[in-house]
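In the two complexes below, subunit A is the common chain; its partner is subunit B in one and subunit C in the other.
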Partner chain A sequence: MEARALVCPGCGGSVQLRGMTQTASAVCIQCLSIIDTTTPELRIIQQFMAAQRTLPLIPLGTRGKLRGDLYEAIGFQTRQIEVDGMAYEWREYVLFNPYKGFRYLSEYDGHWNDILPIKGLPIPTSGGVSYLNESYKHFQTATAETTYVMGEFPWKVMVGEKADCTDYVSPPRMLSSEKSGNEITWSIGEYMTGAQIAEAFQLKTALPDARGIYANQPSPFGNSVGSSWTLAVFLIAALAGVMVLSSMFMSQKEVFRQKYSFFPRTGVENSFVTSVFPLEGRTTNVELSVNTSLLNQWLYFNFALINDDTGEAYDFGREVSYYNGRDSDGAWSEGSASDTVLIPSIPPGRYYLRVEPEVDAASISSARGVNYEIVLRRDVPFNIPFGIAALLLLIPPVFTTLRKTRFEQARWQESDHAPAASDDDDSDSGDDD
Partner chain B sequence: MIKHPFYLAYGLMLISAVGWTEYRGYGSINLNEVKKVPKTIRDNPGSYRSHYGYVPRYFGGK
Partner chain C sequence: MSRPAGNCPQCGARIEFQFSCAVQTVCEFCKSIIVRRDVDLALVGKVATLPPNSSPIQLRSEGIWNNKAFHVAGRIVYQYGLGGWNEWHLVFQDGKSGWLSDAQADFVLTFPLEPSEPLPQKDTLQTGNTFEWSSIRFHLTTLTKAHYVGVEGELPFEYWDKSEVLFADLRSADAHFATIDYSEEPPLLFLGESVTLDQLRMKNLRSFEGW
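Our next item is the complex of A and B:
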């Protein structure tokens, strides 16, 4: 593609034409005149004022490969919308390939879109539109105004011209309609990063980093939420399998059972030892259950499970208390007359139990006493750790879901459908951006 | 699963850990372990002083 040049009818300056005969207007950068290039007399459509000349991030005349085709940047414009008194400005580039025609790039806060006009008409749906079997959600409707132009355009561009723009998103794509007068044009954009643009156009200067989250920016979490929940289901099923299998293979064998009666007497030794019983198999737990006849009393047991061969003792204490009654609130009860505890990791061997009951002597008739039964079982399943593990397994998918939700909230914060609860954040994030 | 190798590894590690500790026998209590308890305790249980014993306590009702 070779650039032609024309003489600006306003200032006599040279205006380069890169769009062959396919552009309709060109801008003289010297006098800021917009020239109608479709007529031989080169009529000036508009002469505009610009307090400051905006430099495009992709210099006009730069060529780059987009989607495998070579394009040249031939036009540049800045446009803005006003929302709640705040002006939001973005930049658009006109790209041209003599065989492929025009395509466009837009850039806002470091977020880029590769845009092509579409020929078909999207079908309106509730909350958006559908195009090529893909649903797009309505994002924003606003009136865009052209604020600055450079280069060439395939239409008669004018500074100050306004169009009603409506964006619909289905990341990473965005459908946009522009209504100007009676004409509506539709285009489809696909999100690109600054790095992709810099690579495509072999830009020497680095493009600004993206700030905030753009309307059709693809979520970094993609389908990871769904797949992480699928994995969570798989892992929890595996955990449940381990739990069921271990319950099936644990012997839960009763190794000791004996009934006792306790008559508290002061000055008399209350402790005693049981007969020796074997704990077989591997190192595993022992469940001790105490079932008592307590009523409105407490009983405290000092237990020591002692290995008869090695003299190793495992000391622990258990309280059993049970109270009930009736008052102005109705019937009440507190505690339980029985207690169960799991003694962890006891090696195999011959053991006996030293039992030392304690009681508030005044509360128990020494004549009636308390009856209780001690039962020991070996190798008993304990399901609470499996429940804790299941909760721990849920942390990654819950965390991923929360992060994705926050990402989407940030995306929609900038839309016409901003979450109402985050109105305050809206202004904050606007400042940040 | 391939998409979440760290989560998969974390999950399998957690399941293995729970499975292993279940095999070794969980417990729901803290024990005080005493070594070399004399055999005479069987004849004189009162000579043993429990780690948990002789602490004043009251477990009252409502």
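Our next item is the complex of A and C:
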């Protein structure tokens, strides 16, 4: 017959036992005595003081299902580490199932870990350890002190007991070693959210929200970075395909080409009209190109594309200028001797072009003049929107990458390997080594 | 198979060996330890009351490991720093013995292995020492001094009148387990691995109220 309760040798109060005979110590909550339950003598290991009694978020005696197996919360302790004179406290729960043995939960700032002792031995690597072909990065080494205990433990627990704890992470997993005396124990934790814990134990009260980013918290961008890049590249490739395909179906037909020479004369009207040319097919764009012999000069064109039948005119102006030279920095150039403009949505019909070149008369010698050629093409591919779309498609992966980087920075900020911002963190890890 | 039988030299109760490999058993009525020598049953001692035990395993539990069925035939009970600890004697269908240790519901299944070289002397042992058996590299992780408490059921050797026993526990990177038992001279080596009761497909386990 296993005892379900024992009489506290300190105060005579009743101490409920949930761990059958598999635990090694039990706490009397009335007089805060820790009782050795491994022998019938029920020796008191320690009587401790508690400035305040912490209540476990999972009440002892609560049962919950973790990864398919039923466990009962039978023990609770708070532990703390000190970094730069600041104490950081977390909570640990001892879970028990008579057929499965012991399991543990830890909670810090609303972040939970489901912890099991491991059976093998991790192998040290340059930046951490490797276990069962998975590599874990060193995160933190610190001395943990037990500050408060409740319930039962499979070891002889003591308040004030210290252990050197080292954490290695490979989110969502964490390998931890605890060294007290000569004994090193290893355990593996897997990250859990408060919502998962509340669900597993059917808790009535909501658990506190997680604050900050925890050592082995899985990154919400873990796989999304790679896949967002894959998606963007795929969409851009598809877009390029559409672009190529659509240009194959565009006629890009040259409808007009004519060479001109321009000799500016003051007081004379320089405008002229071209011959009539047909624009066929559907309503679509017309591309006008001007190629000039300008050099260190500028020319301004007033254009009008005029429908010969309706008289409807599309007016637009273009400035063409090209300068080059050589200075102390070497050769330079500015502008271009040619210009291209797209006139969208021109209905089919018979058209002519009115051209009026303007110039600062002094800059162009009337003797030499300027040669230029006007070319009109109907139904040409318009690539700029494709370029913009491609750039827009790159925004999500770039953004996700940046957010992942920021998430990882926030994770490692809490480690012994935080960026140089706080030198003190580094000296802490040094002390512990 | 004819089961060797006889009467308890102490109380006269019927003694029947269930397993032919067993050489020692405990009389269920008077808790006398009885060993089989040739055809005679000899009384060698008496088991004190065993401490309360919460192991889910019990005599006559059964299981299957590597497609071989086994029965739980007996156990040796030790006491160490963290409480009681059972070494359950398993008898497989091919007559071979295995050991299922249960310390705080942490289960390890091991089988005896004849080492090719002599095992280390107990006073040379230090945690961190490495050894290689069956092409597996083991690291010595724990040295445990345990007190022999008692026996129950059938065992493949005579085991009684012990006091303090030293065990060296070793682990490998890939979760293999080894233990050296210094209760005999020369010491005994056992090799195996951590297991769960589900992996052993156990039947006839003890039932716990509410579980």
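Please note the rule applied: the second predicted complex is superposed on the first by the 397 of 433 C-alpha atoms of A that agree within 3 Å, B and C clash if a C-alpha of one lies under 4 Å from a C-alpha of the other, contacts with A are read in each partner's own complex, and residues count from 1 in each chain.
Note that in this section a contact is a pair of C-beta atoms (placed from the backbone, for glycine too) under 8 Å apart; a residue touches a chain by one contact, two chains touch by 3 or more.
Everything numeric in this text was worked out from a predicted model, so none of it was measured.
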item	value
Which superposed partner A:L392 touches (first subunit B, second subunit C, both, neither)	first
Partner chain in contact with A:K119 - subunit B first, subunit C second, else both or neither	second
Comparison of subunit B and subunit C by subunit A residues contacted	B
First (subunit B), second (subunit C), both or neither touched by A:T38	second
Partner chain in contact with A:Q22 - subunit B first, subunit C second, else both or neither	second
Which superposed partner A:D315 touches (first subunit B, second subunit C, both, neither)	first
Partner chain in contact with A:S345 - subunit B first, subunit C second, else both or neither	first
First (subunit B), second (subunit C), both or neither touched by A:N182	second
Contacts on subunit A seen with subunit B and repeated with subunit C across the two complexes	none
Residue numbers on subunit B that touch subunit A, as the complex places them	1, 3-4, 7-8, 10-12, 14-15, 17-19, 21-39, 41-42, 45-46, 48, 50-53, 57-62
Residues of subunit A touching subunit C in the complex	1-3, 20-24, 37-38, 40, 70, 96-102, 117-123, 131-132, 154-156, 182-184
Residue numbers on subunit A that touch subunit B, as the complex places them	223-224, 227-228, 231-232, 234-235, 238-239, 242-243, 246, 269, 271-273, 282-286, 296, 298, 300, 302-304, 306, 308, 311-317, 319, 321, 323-325, 327, 332, 334-335, 341-346, 352, 354, 356, 358, 360, 379, 381-382, 384-386, 389, 392-393, 396-397
Subunit C to subunit A touching residues, read off their complex	51-54, 56, 79, 81-84, 104-107, 127, 139, 141-142, 171-177, 193-194, 196-197, 205, 208, 211
